[in-house]
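What follows is a pair of complexes built around chain A, which joins chain B in one and chain C in the other.
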Partner chain A sequence: MEILGPVLVAGITTGALYALATIGLSLVWGALGMLNMAHGALLTIGGYAAFTLATLLGAPWPVAVLAPVAVGALIGAAIYLLVAQPLLARAPRSFETNVIIATFGVAIALENAVLLIFGGQPFGQSIALPGHLQAGGIFVPWQNVLIVAVVLVLMAATAFFLARTRAGRAIRATAQHREAAQLLGVPVGRVYLQVLALSGGIAGTCGLLVSSITQLSPTLGADPMLKAFIMCVVAGLGNLPGAIGAAFVLALIEAFASYGLGARWGFPLLLAIVILVLIWRPDGLFGRAAVRRL
Partner chain B sequence: MAEAALAIEGLVTGYDRRDVLAGISLDLAEGALVTVVGPNGHGKTTLLRAISGLLPTRKGVIRLFGRKLAGLAPHQVAAAGVVHVPQGDLLFPQMSVHENLLMGAYLETDQAVIRRRLEEVEALLPRLAERRDQLASSLSGGERRMVGIGRGLMMGGRVMLIDEPSLGLAPIIIEQVYEVIARLKASGRTILLVEENPARVADLADAIHLLDNGRIVWSGPPHDLLERDELLETYLGG
Partner chain C sequence: MSRADRGHLVFGLIVLAALAALPFVADSRYVLGQVILALFYAIVASQWNLLFGFAGVFSLGQMALFAFGGYATAMLGFYLDWSMWLAMPMAAVGTVLFSLIIGLACLRLAGAYVALLTLAVAQVMYLLIVTDTDCFVMQGATCRQFTGGAVGFARFGDLGTRAIFKGDYVVANYAIVAALFLVTMGFTWAMIRSPLGLAFQALRDNPGCAVARGINRFSTQLLVFGASAFFTGLAGGLYAAHFQAIGPGVLSLSTLMFIIAIAVVGGIGKLWGPLVGAVILVLADEALREVGGEYRTLGLGLIIAAAMVLMPKGVIGLVEGVMARLRPASGRATELAKSGT
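Here is the complex of A and B:
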């Protein structure tokens, strides 16, 4: 138990972070059929935005914490306006492939912008809770508790927004039947803009959380983005609850495999599981029938 | 003459490089029910899609109470008061009946108005009240059609475009659907209705237009069309 405790804590914390990265990715996929390859870069920039305000400019932490939300939302909106919208307008039929390539380009540009401005050396994120909690012989750093709590709150808020509010319902309607939504008066362009901004804001926050337990580097978002993509594929693209569940399960498997078999085995084992799942169920664990476009 | 609720003049539109409609003109007086009939694939749905802005017009004008609709996006046409109940319902499958209806009132922000419309719609279509929390994807074909119509009514517009409301339904359900449409007409709504079978609207329609190959080839009262065997034979397969 003494040894497994930290592994469990690490697994749950990374699971929460993967889940949060997955929400942003899955929202955009579900609503627009857009695989946003720049999602990882938004995480990175979120981490640096908080670092810039808190460490470089000495802003108070409530301001620094909101910076990733604002910057992520702004860049998310810009990606829609400058990249996705023109592609959607000019070649709707090849949008799904075009946008992958285009946002991949955006990701490279953003990552290099970070490299240019901040350099490649890692920084420590100063916004983090010190100390730890001790429960049943297990040490749980307060920062890990905070991460899981923030993720749970954000997930609940997102779910509530989608299920209960007029704007959230319009997002689901657009995802489920774009033309029908238009006929009812939904301005789908504005809905898409909101989705990208929301996803960007969540990604920025996620980046701050990731950097608080690792380090800031220009490739900060790459690993969570990759994992988020894997979760989405395992659950069936667009299946939000399934992806969140997969995030926790796979993060725990990865953590225990890394502990039991050595750090370099965590990821290969994860990929092996994914490949097996896809051979067994090519449409994802929950199958095509259960795939929800939000 | 009073201004037409909906006036279409020389409408040309289509997909890609092909024109599907080759110059359509028709008028819809306020409170009238006008039907477009015609063979499959000859542009009936295309006409309705052009009116509601899903398809840009290439030539011609569409006016709603005198106001030009050209260049408006679909959500703007909806805001102008056009209700389009599309062919095949196009419900939101992962939403309940209730949520589908609420989406119909998307443009309305006054909760009291929304509640009143819900009551009216559920009074007209009692099945919807019974199926309130059921997912749209699990409804029967007839129930889906009712949700499609109810969702349109939730918009509160007075000009309705209804595309093949009898499509794929059993005769007894078709009868129910047409009873509902008759009541909509009686309530003063202006309706442009697409139908395959002119006999179904014989007693309901004020005028009927026969659409063939993107043109209106005959217009007149429904009973006149039903007596013209040669027209029915040529265009509607008897």
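Here is the complex of A and C:
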């Protein structure tokens, strides 16, 4: 029982982080049919942006917390304008695979730029809450509580934005049917730009949160991104609520598998479960078989 | 023989002549070593190109197959004292079996799903090897993990060329690698022209129509996946035998990216694209090393993104486009009708 608590806390915290990482990925996939391989690099840069302002420049924490959002959104928008938009305009049919390769290149370049600027040695993120909460014999660090709270708020805000605002409706319309939305006067190009900026901003925040309980390193975002991909695939690419649910469930499974079988078997077991699920349901747990016009 | 096939044959003969002439022209061992490396990259890229460019299967697990072949060769030599010449083909067969298992799990899906799952498989392989700390055998006072751990394997045997040719063994190794490259290209060409090749190219171009004509998508793509694994695994084995070492580094993302960059720069879906891409990128790599080694990966990342955006058909596609423009108008119509490979 004493060990169950920490494992549960760790599982829920990483679940929240994975969920936040999947939101950005899922939004972009849902709207553009684009797998953004640079998402992990955006996480990394978000973490380093906060570190630069808070630790190196000594900025007050509200500024430092907003920096990852701004930097992430800017780079996300740049990825759309410089990479996704030209690819989409030139060859829409092979966009799905072309954009994976192109953003893969962007990801490696960004990650390497971080390595060149900051070096490979790990840094500690200074923006973190000290102390812990004690409830029924279980120690919960305040930082973990904060992470879960921030993720919940961000998820609620994203859900509200998508469901209730004009821009959110435009995003959903574009995701459902690009041409129809365009015919009805939705500026599809601008919607895409907004989606990538939004996803970049969320990724930056996620990077800040991830770095607050681990360490800053140039490969910070790689692991959460790969896991987030897997969550998205299990839930069915583009399915936001499903991906969030999958993130929590799989993170808990991983936490308990790491505890029970040793840390190195957590991810392999996760992958095995995912492959079994996909053999059973090739379009993901909650994904509907896409009807494609050929 | 169609015009495209004549073109491939002429290009192949030129490559053969260039490969044969190189040892007499290249004066330093370093240059020959870099050419060997480029040929290894070209072999793996050509099999990835067969899979993605011709069959439309977007796998990110090509280096996992390469690593499997390399590790299997090294482990057969290390634990069982097998000759490299026996270990390499066995490892290649093993790689095909391994690829069929991955294919059975991943190829039921399509598009981006395949890319993500194969990437995850490669990543799991990397993690399991690097985090392996249990001692399998003791080598003197040092502990040796079953998978070689983060260090990898070394001194498990060589190609036997050092004993025969003494100082010129690099030339002999070069000949072996070049021969494997030419056989791989011949195999790729035969695959593309075979009925199976027509089937998987049809699946790439119009899946609905191809399936309606009675082509089984899953089994056809699984066959290509397995076929491309053979030479990838064999190249991995030869890589291990040539360098007399193999480590988890071949599974790193940057190596995979280098392979993809080669295919993209040369031209995806072009038979000779991987060779052209390998030559260009190894030269670019050398140039970046001159400028400053630390900018190498950054530069490669930018090259891959820029090549994808600015010339999606690669250098070969650019050259073909220019040549089609130069040709008289009457010839162009028939050429357009015939093009496709």
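Throughout what follows, the second predicted complex is superposed on the first by the 287 of 294 C-alpha atoms of A that agree within 3 Å, B and C clash if a C-alpha of one lies under 4 Å from a C-alpha of the other, contacts with A are read in each partner's own complex, and residues count from 1 in each chain.
One rule holds in what follows: contacts are C-beta pairs under 8 Å (C-beta built on N, C-alpha and C of every residue); 3 or more make two chains touch, one makes a residue touch a chain.
The shown structure was predicted, so the numbers you read here are calculated from the model rather than taken from an experiment.
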Please indicate which partner A:E96 is in contact with in the superposed arrangement: first for chain B, second for chain C, both, or neither. second
Touch check for A:L87: first (chain B), second (chain C), both, or neither? second
By the touch definition at the top of the document, which applies to A:L271: first (chain B), second (chain C), both, or neither? second
Of chain B and chain C, which one touches more residues of chain A? C
Scan A:V71 for contacts with chain B and chain C and give back first, second, both or neither. neither
Quick check on the superposed pair: does A:V233 touch chain B, chain C, both, or neither? Answer first, second, both or neither. second
Determine, under the contact definition given at the top, whether A:V106 touches first (chain B), second (chain C), both, or neither. second
Using the superposition described at the top, list the residues of chain A that contact chain B and also contact chain C. 292, 294
Quick one: in the complex, what on chain C touches chain A? 52, 58, 105-106, 108-109, 111-113, 115-117, 119-121, 123-124, 127-128, 131-132, 206-209, 253-254, 257, 260-261, 264, 294-295, 297-298, 300-306, 308-309, 312
Interfacial residue positions of chain A with respect to chain B in the complex: 166, 169-170, 172-173, 176-177, 179-188, 292-294
In the complex, go through chain A and note every residue touching chain C. 29, 35, 82-83, 86-87, 90-91, 94, 96-98, 100-110, 112-113, 116, 222, 226, 229-230, 233, 237, 263-264, 267-268, 271, 274-275, 278-279, 282, 292, 294
For chain B, which residues are in contact with chain A within the complex? 52, 54, 73-75, 78-79, 84, 86, 90-95, 99, 102-104, 106-107, 109, 151, 155
